[in-house]
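Pasting in a structure now, in structure tokens, and then I'll have a few things to ask.
By written order: A, B, C and D. Residues from 1 in each chain.
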Amino acid sequence: MTEQGDIAREDSLTRVEAFSDGVLAIIITIMVLELKTPVAEGLTALWPLWPIFIAYVLSYAYVAIYWVNHHRLLGHARVVTSGLLWSNMLLLFTLSLIPFSTAYLGEHHFSREATLLYLVTMLTPALAYVLLQGRVAATGTQTVASRRYHKASHRKGLAASAVYALGIPLTFASPWLGIACAALVAVFWMLPWSVLDRLFLDRVPPAGS
Amino acid sequence: MTEQGDIAREDSLTRVEAFSDGVLAIIITIMVLELKTPVAEGLTALWPLWPIFIAYVLSYAYVAIYWVNHHRLLGHARVVTSGLLWSNMLLLFTLSLIPFSTAYLGEHHFSREATLLYLVTMLTPALAYVLLQGRVAATGTQTVASRRYHKASHRKGLAASAVYALGIPLTFASPWLGIACAALVAVFWMLPWSVLDRLFLDRVPPAGS
Amino acid sequence: MTEQGDIAREDSLTRVEAFSDGVLAIIITIMVLELKTPVAEGLTALWPLWPIFIAYVLSYAYVAIYWVNHHRLLGHARVVTSGLLWSNMLLLFTLSLIPFSTAYLGEHHFSREATLLYLVTMLTPALAYVLLQGRVAATGTQTVASRRYHKASHRKGLAASAVYALGIPLTFASPWLGIACAALVAVFWMLPWSVLDRLFLDRVPPAGS
Amino acid sequence: MTEQGDIAREDSLTRVEAFSDGVLAIIITIMVLELKTPVAEGLTALWPLWPIFIAYVLSYAYVAIYWVNHHRLLGHARVVTSGLLWSNMLLLFTLSLIPFSTAYLGEHHFSREATLLYLVTMLTPALAYVLLQGRVAATGTQTVASRRYHKASHRKGLAASAVYALGIPLTFASPWLGIACAALVAVFWMLPWSVLDRLFLDRVPPAGS
């Protein structure tokens, strides 16, 4: 019934999730290694670490959001197709570059260049996520609830990408405007789902969801 | 039946646990990287590593306790709500700062400042854990055994926080008093559950537990 | 029914997969640590990182392919024998050397020596994979679909090894020919399964697959 | 039925395994980071890395053996008791010190002191494993096969500890004799189970196993 090469074994999807969890857990934890302990005595020697700490907080929130979304998205998948596997691998690759641009952002004290690199690094997983969502929407469960989910999630994804894209020119005015755009997307994804539904979903009656 | 956006898929909770396990496993293992091999010959060159080793032992015990408690707590959860996901992410974030303050404690030889930072780093996950427990208590299983568990666990959490808070002024007298407070909490959590039950639980008859 | 010492517990295979996932996730993520942030200001200071980035992309693709193949292969396993466990451990060992040769390739700017080391490091997991596949083919499911899978997969493995082996003499002509061989194998594994089936499978009717 | 505080939820044991897998996967992979790429050109610059490579191979085999044994041992567990959780945490702690002593062994070129430290680091997880096995034997499945397993495994554990203990005085004669003892234990654990059964098991008829 499934296309040649697809895996329909029940725990197959679980393993894709487990591998993704592993990669995301490492990405999120590697970033804390940038917080290097100062040799100098006294807690005041910790102050110069603040840009690295703020960059860590932002990127932690960002990767956490991807984990939450990824978790929800794969909840609508049904079979593990080659397309799903490789778009998932592409998403993980783009996310794996976050520790680099986070370190760069923190070490260069939110300079214009560092903020630009950071925003670009944020855009690439957003695009990879769209690809993955397309794969899941095409081969996953086709219930009313799933279609509603994909619709709302797709609109949120477009809105987030637009805010990032807006952040790039704003960074030329001030890096903090660019960071504000990144932070805005983060806050906006962390709001309870029900609030966002009202923004990004048509008035479809929640029939049987 | 579940609130819009909640995930009731059976393996959904498993994935939250798997991700948390990954992050905790990395946190616990990253700390051992602070034990850097001395270049000098002879085993006596290992002695200067003792503060880093003691700090590692303490923090390992600490993270291990969190894992055990987290494992028990999620055993009482039923659905994965947004509140559960985000308070779990907050808990993991606060725990991810432990390697930093552990390295600082070890490298600064349990100085007053390092001990203060360490105790504060210990308090933040305690508070995040209270948040997570509130979420699980509200949306998890509502059996007599679960309610007993949450009651006893909440009291233990308050007692632990009180000991940490007490450690902060004591550190001004001597850093070792602060460390003793942290060690006391660790020992106290590792005692068999049945001993602690007698301390932290009212005489509720174990009806049907 | 199973040989003494084999484990037939249902989740036993799951645990082999989980451990392999953990190791592969770490291998894939460790490599990104080679991308060290430049101290110099300006995005042009990022240009000298390109060989390290290209080496990372290539090795990421390579490890991702191994994950996908490993995932498919273990989908055909049935019991966890000692042979399966140890050939899996050997495969993970050979893969664990990839971050080293990737770093060497990137830091030595795709020099002849670095390319040779890289190609050899690519050959060893290919051989270990053949061993593991032999174990799974002998003790795994014996359906028509499994036999077809093992046949096609074995031929693909031989073809990939031949391309790597060809890459070694070509590297003496130019390192870029060696890299091209490695990249060719990667592209060739990432093509949809159905395309490759036509290349590597006899005209067996897909009876009941 | 289970003691207060025990967790009998079906996936509880799975989570203990998952966490252990995570820690072991990181321990095994962290060691490869000691293989630092030489700056000098030419493959001959790789030769000075041989002691670090040999130490890595030995420790990889060692951790892999622990994983395989741990995997088998927990296959005989039934409930997750506090005793099981904490002896497992102790085992993981002792194993977490292996990357340190491996690095020390490699960097100090298998010197007498480094070999002694290595053998001691090998003995501590062996003792922690005995503790864990005792917990599993007491609370796990009580079939004939399980009792046979625990008996054979306990004898193997004692034999391995004896060989390590013998290695310590032999190291004073020559470090290579100590390393040979460590390697002997590794080879001996990797032999197929059926060969070892004949050595370490009484002639119990395999009734119903």
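By definition in this document, contacts are C-beta pairs under 8 Å (C-beta built on N, C-alpha and C of every residue); 3 or more make two chains touch, one makes a residue touch a chain.
Since the model is a prediction, treat every value here as computed from it, not as a measurement.
Visitor: Specify the chain most distant from chain B by Cα centroid.
Guide: So the farthest one, by centre of C-alpha atoms, is C.
Visitor: Are the interface residues of chain A and chain C largely the same numbers on each copy, more than half shared, or largely different?
Guide: Looking at both copies, the contact residues mostly diverge.
Visitor: Roughly how many whole angstrom separate the Cα centroids of chain A and chain C?
Guide: 27
Visitor: Distance from the CA centroid of chain B to that of chain C, rounded to the nearest Å?
Guide: 38
Visitor: Quick check on chain A: which residues sit in contact with 2+ other chains?
Guide: Correct list: 14, 18, 22, 25-26.
Visitor: Which residues of chain D touch chain C in the complex?
Guide: 14, 17-18, 21-22, 24-26, 28-29, 32-33, 35, 37, 39, 41-43, 46, 57, 60, 64, 67-68, 71-72, 75, 190, 192-194, 197, 206, 209
Visitor: For the complex, give me every residue of chain C touching chain D.
Guide: Against chain D, chain C makes touches at 3-5, 7, 9, 11-12, 14-16, 18-19, 22-23, 25-27, 30, 82, 85-86, 89, 92-93, 96-97, 99-100, 103-104, 107-108, 111, 113, 116-117.
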